[in-house]
Amino acid sequence: MTHLLDWLDIDQETWVRCIQEAQFCADYRDARADRFLGKALGLVFFNDSLRTRVSMELAASELGAKPVVITPGSGTWGFAWDDGPMTGGEAEHIREAVGVLSRYCHGLGVRLFAEGKDRQQDMDDVRLKTFAAASDVPVLNLESAARHPCQALADAAVLDRQFDGHTKGKKFVLHWTWHPKALPMAVPNSTLLMASRLGMDVVVARPDGFELDEGVMDAARRQAAAHGGSVSETNDADTAADGAHIVYAKAWGGFERYTDPAAEESRRHAHKDWRVTTDRMDRTDNGLFMHCLPVRRGVVVDDAVLDEGPSLHLDQAEYRLHAQKAILSMLWESGSRSPSSEDVTDPAQP
Amino acid sequence: MTHLLDWLDIDQETWVRCIQEAQFCADYRDARADRFLGKALGLVFFNDSLRTRVSMELAASELGAKPVVITPGSGTWGFAWDDGPMTGGEAEHIREAVGVLSRYCHGLGVRLFAEGKDRQQDMDDVRLKTFAAASDVPVLNLESAARHPCQALADAAVLDRQFDGHTKGKKFVLHWTWHPKALPMAVPNSTLLMASRLGMDVVVARPDGFELDEGVMDAARRQAAAHGGSVSETNDADTAADGAHIVYAKAWGGFERYTDPAAEESRRHAHKDWRVTTDRMDRTDNGLFMHCLPVRRGVVVDDAVLDEGPSLHLDQAEYRLHAQKAILSMLWESGSRSPSSEDVTDPAQP
Amino acid sequence: MTHLLDWLDIDQETWVRCIQEAQFCADYRDARADRFLGKALGLVFFNDSLRTRVSMELAASELGAKPVVITPGSGTWGFAWDDGPMTGGEAEHIREAVGVLSRYCHGLGVRLFAEGKDRQQDMDDVRLKTFAAASDVPVLNLESAARHPCQALADAAVLDRQFDGHTKGKKFVLHWTWHPKALPMAVPNSTLLMASRLGMDVVVARPDGFELDEGVMDAARRQAAAHGGSVSETNDADTAADGAHIVYAKAWGGFERYTDPAAEESRRHAHKDWRVTTDRMDRTDNGLFMHCLPVRRGVVVDDAVLDEGPSLHLDQAEYRLHAQKAILSMLWESGSRSPSSEDVTDPAQP
């Protein structure tokens, strides 16, 4: 059984095949109809979602599978994660919850954002791994504390198509922006790993104090080396976009949030000028804007960049649907089916 | 592309065909099964719903389409509507939200009640039009500030059937009733326009201070003139129902709510006797009771009117399902399909 | 029309056939696919659910029917139950809500826990019966104040299979456990009635003050007599499990909760040692643990009993899906279909 918690676990051939399959599904939306007829997909959302839930429901349905959405604490019990006697507010342990769902469903998607309490727990995706360990069926990460693989595949398929397969050597700026909240790092982590795997020249542009996790940076550098690209960093917002082919905006909080949240906040608020403006886009090499959404207009990016473009943000969102069909196909493999009732004795028939 | 925001935008031939299609779907519930296989319908509910959501989910499903329900602020982010930097609580702008959904879905339904802050904004359905403008796919009004076209078509189909096509000249009383809250005007507006389009002799019975919008009254008078009916008003609850064929009860708040809510409230509470009683029904010409539901028993109408009848309120609710199938067919047109994968090269096949 | 509110209303032949059908559906999950194509199932949840909602959505879907979930007060109006003028917070009466849903749906499931205010109202399932009386279509009890028939059938199918049809004479201990809350009695009632109907030797082990309803005990004794089993009671936690084949743990509150909640609470908290421990399981005759879930680890049962077994708790949960397919088949009967549109004149065709 294969999970998809992180693309780093998945070999290059499968990664490339998933990009191609996503593009095929984009070209022919009714392709693969009923490929997984009779399968059930449980979708567990510990956090809010618009694109992910809607596109997962449709991805499953369009493949013939039945999606069922579970929102812990809303219409169902809250789930306990800790060991020891359950005398608190939660009525059900994650072990039973996942155990039961994996009896009903042939796959489970789960969204489980960073708790923001323990850096190492978050960066190691400890809760996601606990969830997956309790499951007897494939688990798909719908954005965890540290990764967002569905977004990464969608973005990769968009970029590959945009550059007609020639992503290698293109300048990709992962551009930190200011945001009123200390957002988690799943998207920047996965974006960095995705762009480096495409062999792009990736620049992580962020103020001092907003570095990404060193383990993720190392993995990105290894991938860049393997795929002919590079990874570098800058703390200069004004020149970061110079000559870029892609400016991928994203806000995230600094690691100081785990140790001194007030310091992180005041450091962050000192960088309100880190916004992707039309002026900054003018310094690119006919660069395209990208963002995973939701995006705060006028905070993260100028309205005109979204409205007048060139921007790929709606294509990225659309490709979530196609990418997730590709991922479901990878997890379930074509042709695998439940035991069939054909040719058996039926007690309801004489 | 056609939206259905208001029936006033739709020509007479289409209106009549929709009534017939709704009646056909009522007679044969499995008609049109799979007509729109592979289509996705996004249903965005900014406000509560029972009939609308359930009947829309079923209408879509029974036509082969996949419905997906979105409840802004519950399981997904709240949406910002205003221009200017998004520094408030909402993480996503309606422009991106609708833009994304119209990439996933082939149609969008939206429920968006009156805000009650600005009379002209509400009567002009400004937010509904903002939503529709952001969509690349047909938008269906599931009750806005000023209109409820799904209810109007359902009611028209019920009335047409009830009078065997002879609605012209029948007396239709749109009967204001007391209610503890200042309810919005979408239903009375749409009901008035619907009955006048059927050529009925429409009487709007309401206390002084609870007049409907003059623009809606004018539109209704024009329709009555074109279809052989009439529109009049009365402020006498005791004689309003005399000789009526239909008593359509509905509570709504007065326009004073926009300028002096306390005055509106005390004016409204002076009319607690505006209830559809069995005595008032006895003064009709074997009249039938109608209500769009939900209805407050003993407040808007006597229990006996609902329980012993004759009343069409459950038929009206049922016809919502049939009417909405007719509307989806109008919006999507039979036979339009997504690009097909037949006869193309499939990367997953050797 | 048949409802399923309580198995006591259903004859023995049907009960046995449902057990067999549940087991058949367990063996062949794709059996019965599309048996009820075109049907709609409304699922009304007044209370939280995990297993029930997910398994009902899948049971319906896998039979070809469309499930629609309604959560009163969340996305829809709250429902009023009482007679008299509706001047409170609820906008819709249960009579209209159910009346409307039974126009849309071919069956309605409803979860409606005990209110805990009036013992007789709860034990008589008064609100469930009010709901069912307002419906024109079959109503399925998804756990009411007094019964949980879906759980009972699932458990019966698991037990029948476990003992290869030889449940008669096996020792079945319904084992009360401590719990921080005074839980309702639907599951212990239905479990007792289920095990006695299988002819098992049922022991209700509970502290004094936690007796089950005498009417339920009487019904269980009558069933035991008819099916070759027995029903007895004990208040000794330490010897209750001796020689047992099944230890079915369940917490419930005492009837004192209706008259003196503080006394019930302090009486309950005096029995924190009523937990199914590994030591107690060691005194059984290779006994199996059962629980309907959700279960509080370390409170109701030792972790090791769940994790190392032998335990049937995940099988019980899984069989909910299979049992509910059997129940839907019983309620809808194979072959019944909506009026068909075949061979009729279609207004949309020339």
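As written, the chain order gives the labels A, B and C, with residue 1 at the start of each chain.
Throughout what follows, a residue touches a chain if its C-beta (ideal position, glycine included) is under 8 Å from a C-beta of that chain, and two chains touch if they have at least 3 such contacts.
Since the structure is predicted, the reported quantities are computational estimates derived from the model, not experimental observations.
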Exercise. Count how many hops through touching chains it takes, at the least, to reach chain C starting from chain A.
Key: 1
Practice problem: Tell me the angle, as a multiple of 5 degrees, of the rotation that maps chain B onto chain C over the C-alpha atoms. | Solution: 120
Quiz item: Looking at chain A with chain B, do both copies bring the same residues to the contact (over half shared) or different ones?
Solution: different
Practice problem: Between chain A and chain B, tell me the centre distance in angstrom, where each centre is the average of that chain's C-alpha atoms. | Solution: 39
Exercise. Indicate the residues of chain A shared as contacts by at least two other chains.
Key: 74
Quiz item: What residues on chain A touch chain B, complex-wise?
Solution: 17, 20-21, 24, 27-33, 45, 48-51, 53-55, 57-58, 61-62, 71, 74, 180, 293-299, 303, 306-307, 313-314, 317-318, 321, 329, 334
Quiz item: Can you name the residues of chain C that touch chain B in the complex?
Solution: 38, 40, 42, 66, 68, 70, 74-77, 80, 83-87, 91-93, 95-97, 99-101, 103-105, 337-341, 344, 346-348
